[in-house]
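First chain written, first letter: the chains are A, B, C, D and E, and each begins at residue 1.
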Amino acid sequence: MLIDPMDTQLPAEPVKAIERPQIVTQSLLYLDGVSVSFDGFRAINNLSLIIAPGEMRAIIGPNGAGKTTMMDIITGKTKPDTGDVIFAGEVDLTRLDETAIANLGIGCKFQKPTVFESHTVEDNVDMAVKADRTVFGTLFQRRSAEIARRVDEILGIVRLGDHRKRLAGDLSHGQKQWLEIGMLLAQDPKLLLVDEPAAGMTDVETAATADLLKDIAKTHSVVVVEHDMGFIRELGVKVTCLHEGSVLAEGSLDQVSSDERVIEVYLGR
Amino acid sequence: MMLTRFLLEKIDRTGWIFLVLLALAAVMVPVLNLAVPPGSPFHVSNTAVSLWGKYMTYALLALAVDLVWGYCGILSLGHGAFFALGGYAMGMYLMRQIGPRGVYSHPILPDFMVFLNWKELPLTWWGFSSFPYALFMVALVPGLLAFVFGWFAFRSRVTGVYLSIITQALTYALMLAFFRNDMGFGGNNGLTDFKDILGFNIQSQTTRAVLFSLSVVALMIGYLLARAIVTSKAGKILIAVRDAEARTRFLGYRVEHFKLFVWTVSAVMAGIAGALYVPQVGIINPSEFSPANSIETIVWVAVGGRGTLVGAALGAGIVNFAKSWFTGAFPQGWLFALGGLFIVVTLFLPKGILGTFTDWWKRRGETREPPAGKAVGQPAE
Amino acid sequence: MIRRPGLVALLAALLTVVLLAPPSARAQDAAPLIQRMATETFNDIAGAVAALATSGSPRAAPVIEALRDNRLVYRQADRAVFIREASGSFVSALTGEPVTDAGTTRPVRLNNAVRRAIDAAMGALTLMNPDPARRAAAAEAVFKSRDASALPALEQAIGQERDARIRILMEEARAAVVVASPEANEADRITAIGVIQRRGDQDALRMLGSLPATAPPRVREAAESASVAIRRTLAVWEAVQNVWYGLSLGSVLLLAAIGLAITFGVMGVINMAHGEMVMIGAYTTFVVQQVLRTMAPGLMDVSLFIALPMAFLVAGAIGIAIERLIIRHLYGRPLETLLATWGVSLVLQQAVRSWFGPTNREVTTPSWMSGSFEVGHLAITANRLAIIIFAAMVFAALLLFLKRTPFGLQTRAVTQNRRMAGAMGIRTNWVDAFTFGLGSGIAGLAGVALSQIDNVSPNLGQGYIIDSFMVVVFGGVGNLWGTLVGAMTLGIANKLLEPYAGAVLGKILLLVFIILFIQKRPRGLFALKGRAVE
Amino acid sequence: MLDVKSVDLHYGAAQALREVSVVVEPGKVTCVLGRNGVGKTSLMRAIIGHQPISGGEILWEGRDITRMPPFERARRGIAYVPQGREIFPLLTVKENLETGFAPLKRADRTIPDDIFSLFPVLKDMLGRRGGDLSGGQQQQLAIGRALVTRPRLIVLDEPTEGIQPSIIKDIGRAIDYLRRKGDIGILLVEQYLDFAEELGDRFYVMERGRVVVQGLKGEVDRDALHKSMAI
Amino acid sequence: QAQETIKVGILHSLSGTMAISETTLKDVMLMLIEEQNKRGGVLGKKLEAVVVDPASNWPLFAEKARELIAQQKVAVTFGCWTSVSRKSVLPVFEELNSILFYPVQYEGEESSPNIFYTGAAPNQQAIPAIDYLLAEGVKRFVLEGTDYVYPRTTNRILEAYLLSKGVKAEDISVNYTPFGHADWQTRVAAIKRFGSTGVKTAVVSTVNGDANVPFYKELGNQGIKATDIPVVAFSVGEEELAGIDTRPLVGHLAAWNYFQSVDTPANRDFIARWRAFKKNERAVTNDPMEAHVIGFAMWVKAVEAAGTTDATAVRRAMIGIAVPNLTGGISTMMPNHHITKPVLIGEIQANGQIQTVWQTPGTVVAQEWSPHLEGSRDLIADHRAPMNCGNFNVRTGRCGGAQR
């Protein structure tokens, strides 16, 4: 009955007709000349960014620089007015919808934590675990030992094991953040987009998160947005600073944070 | 077998009680009606059998509504349309069964076509003399309509009240269309004066009892199916869609497929309910499409307890029983009673009758409950 | 324009007909004619009226007028005919002298045939009336009756008429008489057809269409081509008319929906009792008129202006009561408001039914709101115009109130985030109650307007609730402008479809259109975009 | 001025606060610290009136406000910057700020200029809808909105979340400025320890719904603070 | 003692869309029963009214009918207004062999052994109205109706009749609007246009219920005068007019079998009793009420003649029963279960009353099977032995299958 009308319409296969330069095909995520405006306000302005496979990248930038909007463009939530967004060297993300993008292996944690409030913590993770996502697949699917193990593992990582039977809606703000990180891990995507993971966490937890991300980055690509300089330092990766919708500076944290303009608009004196 | 396991695995205690009671009713009511003499205190009257049979079909309809509303957050103000379409399909079969026994003794055409001067049977009526075909249409027509409607609406991401209102527009448009005599479905009078079904006299008490049992069985199957769906992983995803649709998409689920699936299943259930309803009440006409009817169905579900399935069925029974009773007992003021009932239920039983009852039951079990009187601060809004 | 000499000749001819008629007929005494009215046979009465009108008797006007107003009676015993004066006393119809004892009397009865005769007669008799409205009416009456005997009077009236507008009417009436008159010569009739063509309305068409088949072919041809020309311009006007009807239907929809745009659109309460608030407004109008009728009949013409604030207050107060008793427990559970307000609507309906009875109640239309006038060939009915203006005023006032006062801001803040609004120091409970009261009050205002065009019955509200929801949703929930544009779009679309598809199919098409439209714009016409709505 | 006396708070059957007592004084910054889910936000909700308490009492300027609805408390000078911003999404930035006028006298209904000098971005975006702002901008708006009411107690629940470093510094300066005015009490929940330590005058550290460490700046042991925040 | 009463079922909607029309019928039945009890009841037993509310919901009509007959054991039921409600209960009455009195004019094409039709068949209302208009010189007709079976059937009959009277097909315009149609601007303008050809035009309205008030208000506002384009209506009575300012409508017509203004001693007495019963000096009466008065009187007479309330016996006794109607004549129950009625044409007056301007010299026998429709031309109904058939085909000589 459900023959994926959506998929026939939006081709998830690579767009073969176009020959792409090497720089594109070798990158995991390739943004070029992306712009988007809301009612005349340019939130993203001719932004270009390349993430290599296996790379972890930190993004910083003033409030309203367009970091979240950039994430939204990658996940398909916002459609750019102009520009290319190409994943894994061949898939044009601007032509796909959110589901298709997620199924390509792009997962994200939102700035504002969003979890399924009337499900238990455990079920939240369970739903995120990589498995068959079709209607009939889920209809007859039963929780395998494999999945159960994976859920346990993740709950352990995010330290919510004690809360597994509670409803996600009853969690505190910080716990929801953790849960969302857990769901992101469960998805096991190729590319993780993490928007302010350390917000609302204690310093120790922030450090733990940094370790966690570093660990993940060994096998995955990660883009992480944060305002916490300590956290960024801990990650020790290449940093991109956005400002008014385009790249202001890029390089190691030390390079970027000594950039006068970055200090001016972002770090303050 | 796999199917039985799929259906029976997740039934909870309330569900078992419900199923057992229904099974008992399916067997006992016909027995008490047909075998026990009318004088006996155990006799179930003929009126009661057809009345309860009607409630059963309403309960199935409520179940269908609860499936989409309670679990997927789709507030359908148009489920009456699927119910009525199923009913019309059955009604057309029953009309064709009359054959030349109509008042005008026309060999083929139903009476209303004769006196409105139709010359031949319209295309839409073809095949309805065959019972299997009619049964097929009972499921197909509502299902197909729901599928097409849902396919467009869910793909366009119509949600919330917007979806509710276009479902209402759908049923309203169908009502107006079926009112039109030109449509060839009997106009305002609808289809009535049925004679027999599969060769059995529709007015005989045995047929009635059988129809009652069939309705109960349909309700049981509907419940099992709905329960299996909502307790499966797909069911969890439906609830996730209800809570945070966008987030579900970012997890990689095709939200519109899940919605379309339950929506269509629910419409078919409603259609079957309608098909069982018609032979028992003896008439189907466009007022079944009226938006008010669909809203009433929502009200049954809310009264019984949204998102509980059993509660929805219970709500349908309770409200309709109240209605039957009130309209006879206080014909002048029954709307006060019914309206009052709705208000009281929302205010004092926020989770519906069943929801509140199970909460109370659960709380009784818990001993470490803090004394209720302890709250000193009032939640101010 | 009109060729004088020919007309004079015609007049002369007609006058000779009248003057040279047998003296008995002309000098016919009014008495037997009046006496003939004391009968049950309508045709006799009609005949007598026609004869009386041409008799030249001074009694003609008062007697015919009395008959028209149902004041002409006759004594059963001897069939003496009297006129009942406003004071209740009787005067003799023959002499106009007061009579002391009229005995048991029966009114002289009227039917349409008699009424037509009266209209024709009064036309001729009141052409010189000092009241311009009466003169205009008289000219119209002659136009319709095409009564040749009125021609001399008409000629004389045209000579004296100062008012250009009325003179045109009179000339048209004369033309009508001439066209219809078999005695008139061909050229005159064709000229007259020209006059009628310039009039160009439905009546003109009817006039031209009723030309007897015996008329000379040239005259018939002229009439035919004039008809075609009139039809052509009328077709254009018809389109304009349909748009106007659409506006008028749109403003009715707007009025019905705008209260809902607040309770549902702004507050998010699925308010199934909205229709009942409209109904309560209509019943308030009824009660106000009842009270005025007994206490101050002089104020009947301004009854609606008294009813408006009353309806606002009554419906608003009931709305506040509902909010305080029920809705306030349901914030955060929007879908349950549907159940509770459905219950409220049943209770209110039944309450009104028990209190006022199930049947329609009469709400009178003030004289300034009845009738119609024409702008070009666009017939504008006064009540529709009043409703359009009223709807526009309500809309503007509401918009200003919500956008320009602190209360409006607080309302929106409370509905967007009730807890936080409280933490900002906004009295959420007052704001909720007043907002719901405001929405209900406006529904009450709509009720006053709807009482002018629809049944005042317990079911009044039910007829509008579905349409109201459609309008609000179509326009985009929470956007007043959306409600306005939504109402007007649906109103006009409906009225443009209706002449072609018929009312039923037109409505179905409109519903299908709404369904399709929502696919294109899943959040209504004036959808809010951006992050804010997620 | 604010005296929270051994307050208990329940969510249904689960207890989130156990006999918590907190004192806030004018001209002082009172910091509440603790790990995720220990009950900091719950305590703020109790003070602001968003969640009924099941034991204890809350005194404000000597009066018992335990049963007062939130708007009454706001009218008595308590302002709240909630965790998660809670901006009115469809109101413009200007209108969001103006919601703070409700408890003010007509003459006072202006937006103080300080707010714009603290958060210049708000000035540029007065006409934009609150919900469209970026996370950090919303947080700035939430703080600005609370200041519009000219509060005598300002309750800040993790105010620096999502805000860029330069503005965090500005907020620190602003809090310092408010403190120095001397008549305003500041209750601050913070996870960002450096920030809290720099500003706080009095500290409360919570664990599982209880206050486990408390004391004035200087009195409390830094290590104890750090340890209590560890996992 | 409880067994000593005879129960009379009253099956009229007291809520919902039809309450507006049907509630008064319930009241008039209560009055008649009360009066009969004052006279000593029937067969020495008191009558007991059993009122239920089918709430304008057609399936509920069937349910309530079953409840009345099977549970309450009523001897007879007075009820229904719309055709669909009657169609809905018909199988129930036939199955349980009970009696229904149906008081409203309807489209005909039905004759059940268990139903007594005291309202008018089309030939007792519509056809005479057309005759009247034709006599007035009307040559062009707008048949304006609500889209349901009664107007559809009536209009089909009228069309056939008009054509047979030499009216040209292009001079007949048929149009239907939905139930509760409230915006009449377009339709009234169209009528105006249709009437502007110079040929005398009239509107025959089968517009139903609630839609009438806005229809007449619009007629008044757009200035359609009875002297130009008269409107003759079949379901507008004093009751409907009570909600309208009738001054602009003076002269428009209604065709029915009873008007409140009919000046006979019987009617004066009835109105007085009704007003006393309602405790309302201005309570109005209408045609279906009269039908119930006649029906009830007939039933009482039949029961007394049969000596029992047994349905079969009463049904047999009913045929031939004659009782005076309120307009000064005698109405008789014919073998086709319809009654003879006079036909009155009235004009609306400024005070909301309807004045009779024409009436049939005697009473008219109902043609339940219209001779103007193809399918029903050959059918007749005669519920007496030996025929015992509601749809006997005179051509084939057989009774149609509907009969059991």
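In this section, a residue touches a chain if its C-beta (ideal position, glycine included) is under 8 Å from a C-beta of that chain, and two chains touch if they have at least 3 such contacts.
Since we're looking at a predicted model, the values are computed, not measured.
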Chain separated most widely from chain D, comparing mean CA positions: E
Pair sharing more residue contacts (C-beta pairs) when C-E is set against A-B: C-E
Inter-chain centre distance, chain B versus chain C - centres from mean C-alpha coordinates, in Å: 45
Between chain E and chain A, distance of the C-alpha-averaged centres to the nearest whole Å: 74
Distance between the centres, which are taken as Cα means, of chain D and chain A, whole angstrom: 30
Per-residue overlap in chain C, given as positions that touch at least 2 other chains: 349-350, 419, 422, 428-429, 462, 504, 507, 530, 534
Multi-partner residues of chain A (at least 2 other chains): 38
Where chain E touches two or more other chains, by residue: 14-15, 147, 176, 178
Contact set on chain B toward chain C in their complex: 75, 149, 152-153, 156-159, 161-162, 165-166, 168-170, 172-173, 176-177, 179-180, 246, 291-292, 295, 298-299, 302-303, 306, 332-333, 335-336, 338-343, 345-347, 350, 380-381
Chain D to chain A touching residues, read off their complex: 11, 14, 35-37, 41, 83-84, 121, 128, 132-137, 139-140, 158, 161-170, 191-193, 229-231
Chain D-touching residues of chain A, taken from the complex the two chains share: 38, 41, 61-65, 67-69, 111-112, 159, 170-175, 177-178, 196, 199-205, 208, 227, 229, 265-269
Of all residues in chain B, those that touch chain A in their complex: 2, 6, 147, 151, 155, 229, 232-234, 236-237, 239-240, 242-244, 246-258, 260-261, 264
Interface residues, chain A side, partner chain B - complex: 1-2, 4-6, 75, 77, 97-99, 102-103, 107-108, 114-119, 123, 126-128, 133-135, 138-143, 183, 187
